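These are the structures, in structure tokens.
In what follows, subunit A forms one complex with subunit B and a second complex with subunit C.
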Partner chain A sequence: MIRVLAAITALIVAAPALATQIYNPNTRTWVDYDPRQAARYYQMHGSVPKEFRRQVVRFRTAEKPGTIIIDGDKHFLYLVQEDFTAIRYGIGVGRDGFGWAGIVEVGRKAEWPRWTPPAEMVARDPEAAKWANGMPGGPENPLGARALYLYEDGRDTIYRIHGTHQPWSIGLDISSGCIRMNNDDVIDLYNRVQPGAKVIVLMSGAALYRGV
Partner chain B sequence: MRISVLATALVGLAAAPAVSHAATVVIGVPGWPSAQVTAHLIGQVMEAELGVEARLRPIGTTELVGAIDRGEIDIHPELWLPNLETQVAALSGPDGTLTLAPTQVTASQNICTTRDTVELTGLTEVAQLADPTMALWFDTDGDGRGEIWIGDFEWSSTPIERARARSYGYDETMMLLTMEEDVAMAGLDVAMATGRPMVFYCYAPHYKFELHDVVKLEEPPHDPSAWSVLTPEEDPAWLSKAQAAMAWPASTYQLAYATDLAQTAPNVAAFLNKVTIDAETAQAMSYAIDVERRDPADVAAEWIAANADKISEWVQ
Partner chain C sequence: MRIAVIAAAAALLAACQGQQAAAPPTATVRATTATAPADLQLICASKAAEQYNVSSEQTLPTGSSVLGGGQYEVQLTLAGAPARCVIDDNAEISTLALVG
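Coming up: the complex of A and B.
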């Protein structure tokens, strides 16, 4: 365990860009995991790498079951369970990070949510401009199958945990903000989480890109 | 200013005599676990044994001292020294509005890390954080500097930790993060689950020492003749003048209360002067409430039932 971590950190120190890395069991090395490699991996295996797949992990915490903890650095979302365990999901985060950390809550949930691109995206992206007035929910919608809307003090933060129509992108810092999960995972999370659930965004990685 | 406030208070007391003040005692509740435990415990004992209604009011610790001075809150369950020594010096004393209960509990304040971090990085001393190579182990956002949580926004320790970081020089190599404790503790949970290096301000008693394998970093012993930390109120240039590259002074905490309780509710003041909740008890109760998720009222009631002799001494 410690040896593996030493390998990760040595690579991180050598590569200040802090790209996502995954373990290649064939070469027994940690390798960068960029969009090209991610798409190829998904094409070959039909899923994201093992560490980003949904799994129950040991997780000692004082947070109560039902709390969500988001680690934008390691690209994991934890849903706290009983008996010091958590369900860990792989996530993708925005290219520009979130720029914030702290405590929010699930304000509401939606199935196959409608997506309205932000004005700046409409201005720069002709594809987004086609949907300036909103894109109905569906398989091509970038919000995917479900969305959990994050609120602070009763107000919408504009951040969401949502699905994706690009499942290979889990584990990466690409696209616009928010927290992406593959559709199976976001449906699983949606079914387990109730409005009012506490959501903690850690002070690490993507949360810090614009400073806390 | 103080005279006019007192005059107003006296008018208020004359119009509504002591009974209303004594009937409801307001306990401030700073946002950390052991203070919450103590607040619940003394509140329950006062209600059961002294016939007063105890109302708990969440509030930051520095603000709480001011609220006691203004007569808005009666009790601070856990006032830490030396963190608030400037405010205590100004408000306590013969004519002061703040009285410290005599029992001091020994506490500690340090920079902590995880056992995994020690084994992975070789970090054992606070001074090592000023080394840019060491700091890189704690960099998660790729800016070439590490990250360290130095406390909650409202804690009295946070500006002192900022001064210590500057004195050691790791304010240059590390980003100093202030944030609610729940976020930092969830970060510790994740660091433990993934083996990621982490370094952070820590204090004891606290449930995290039972939940995780947490290691206190070593520092030069505290030297009162070399230590100098002013408050921003005392000197706008407090940060640049700070000299604090050493261990904290011996830290203690104690109950504190509004001096006028001695007149308006002497039984409450006498009780507060006798209460002793040691660090081990506070930490064990905090673990029961914060980690095992037991109801604070149940935990306090259980402790009260198991310590009837002690309680009867306190309320005599």
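Coming up: the complex of A and C.
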């Protein structure tokens, strides 16, 4: 518990200008949806706000079914379906300075993936440094139950769509550039997506990944 | 006494009307910055790639905003060249042009 609170506190310190707000029906005001609010909401309701739960929505596009479209501003991931619909999932995205936009593809997939923090994360984060040689897959692993590895021109981008051991964090700008989902959602996505699927990442004002 | 009762009833009625005016929104969360729906942004990108003969792999929305009246402005990059698109809720594009 202390470790969880310490982690939330660290995230609050590192938090950027917040991108999501939640409506407080008691005060009738919109309040910033920060890690503390998110953790409290999840504790009270046992789930994320309804907008971030998996649902089928209208989605007018010429992109092929099976294409993944990520709206980093609104914290949604769309999986394009037939008949101008998509399955919409809630996501967490990169915090300030770690967001990106671009067109990539799913290079490979893994169940209960091993997590090896990149060198720059090892250098800046003592928690990550403990796992410099890799952390085995499992419920405490930050990549969660599944990972979809994002590639560009056959090369690993270092970015992934993955699960999380912090399910309350959906809807936040919180990651180092990866797209995080609740484990149930990432398992659902994993089962529907094939390697080679196109992934379009939209995020206002973010750095463009190579090639675009 | 009668005046007091009438005043109290009027205050109660006003309070009820005030609550109606401040009805809670249907959404429980929102983004702090309003942007165009993702599907409309991509419709702009697709049309721009076609119109300017640029690969769709090099065409991407880079930002968007709400103009009001059901219209949105979408900023695009077309192989590095900036462009602007105005699209409405019905996916009708009224403006599509290179910038600069």
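Assorted remarks:
Just so it is clear, the second predicted complex is superposed on the first by the 171 of 212 C-alpha atoms of A that agree within 3 Å, B and C clash if a C-alpha of one lies under 4 Å from a C-alpha of the other, contacts with A are read in each partner's own complex, and residues count from 1 in each chain.
One rule holds in what follows: a residue touches a chain if its C-beta (ideal position, glycine included) is under 8 Å from a C-beta of that chain, and two chains touch if they have at least 3 such contacts.
No experiment lies behind these values; they were computed from the predicted model shown.
Of the two partner chains, subunit B is the only one that A:Lys64 touches; subunit C does not reach it. In the superposition on chain A, A:Ala110 contacts neither subunit B nor subunit C. Of the two partner chains, neither subunit B nor subunit C is touched by A:Ala39. In the superposition on chain A, no contact is made by A:Met121 with either subunit B or subunit C. By the document's definition of touching, of the two partners only subunit C reaches A:Pro49; subunit B does not.
In the superposed model, A:Gly171 lies in contact with subunit C only, and not with subunit B.
In the superposition on chain A, subunit A positions 17-18, 58-63, 69, 71, 73-74, 76, 78, 101-103, 200, 202, 204-205, 208, 212 are in contact with subunit B in one complex as well as with subunit C in the other. On the subunit B side of its complex with subunit A, the touching residues are 116, 119-121, 133, 136-137, 139-144, 147, 149, 175, 177, 179-180, 182-187, 189-190, 192-197, 207-208, 211-212, 290-291, 293. Listed in rising order, the residues of subunit C touching subunit A in the complex are 22, 24-25, 27-33, 35, 38-43, 46, 57-64, 77, 91.
In the complex of the two chains, the subunit A residues touching subunit B come out as 1-2, 5-6, 9, 12-13, 16-18, 57-64, 69, 71, 73-74, 76, 78, 86, 97, 101-103, 200-209, 212.
Of all residues in subunit A, only 17-23, 25, 28, 30, 32-33, 49-52, 58-63, 69, 71, 73-76, 78, 101-103, 171, 200, 202, 204-205, 208, 211-212 touch subunit C in the complex they form.
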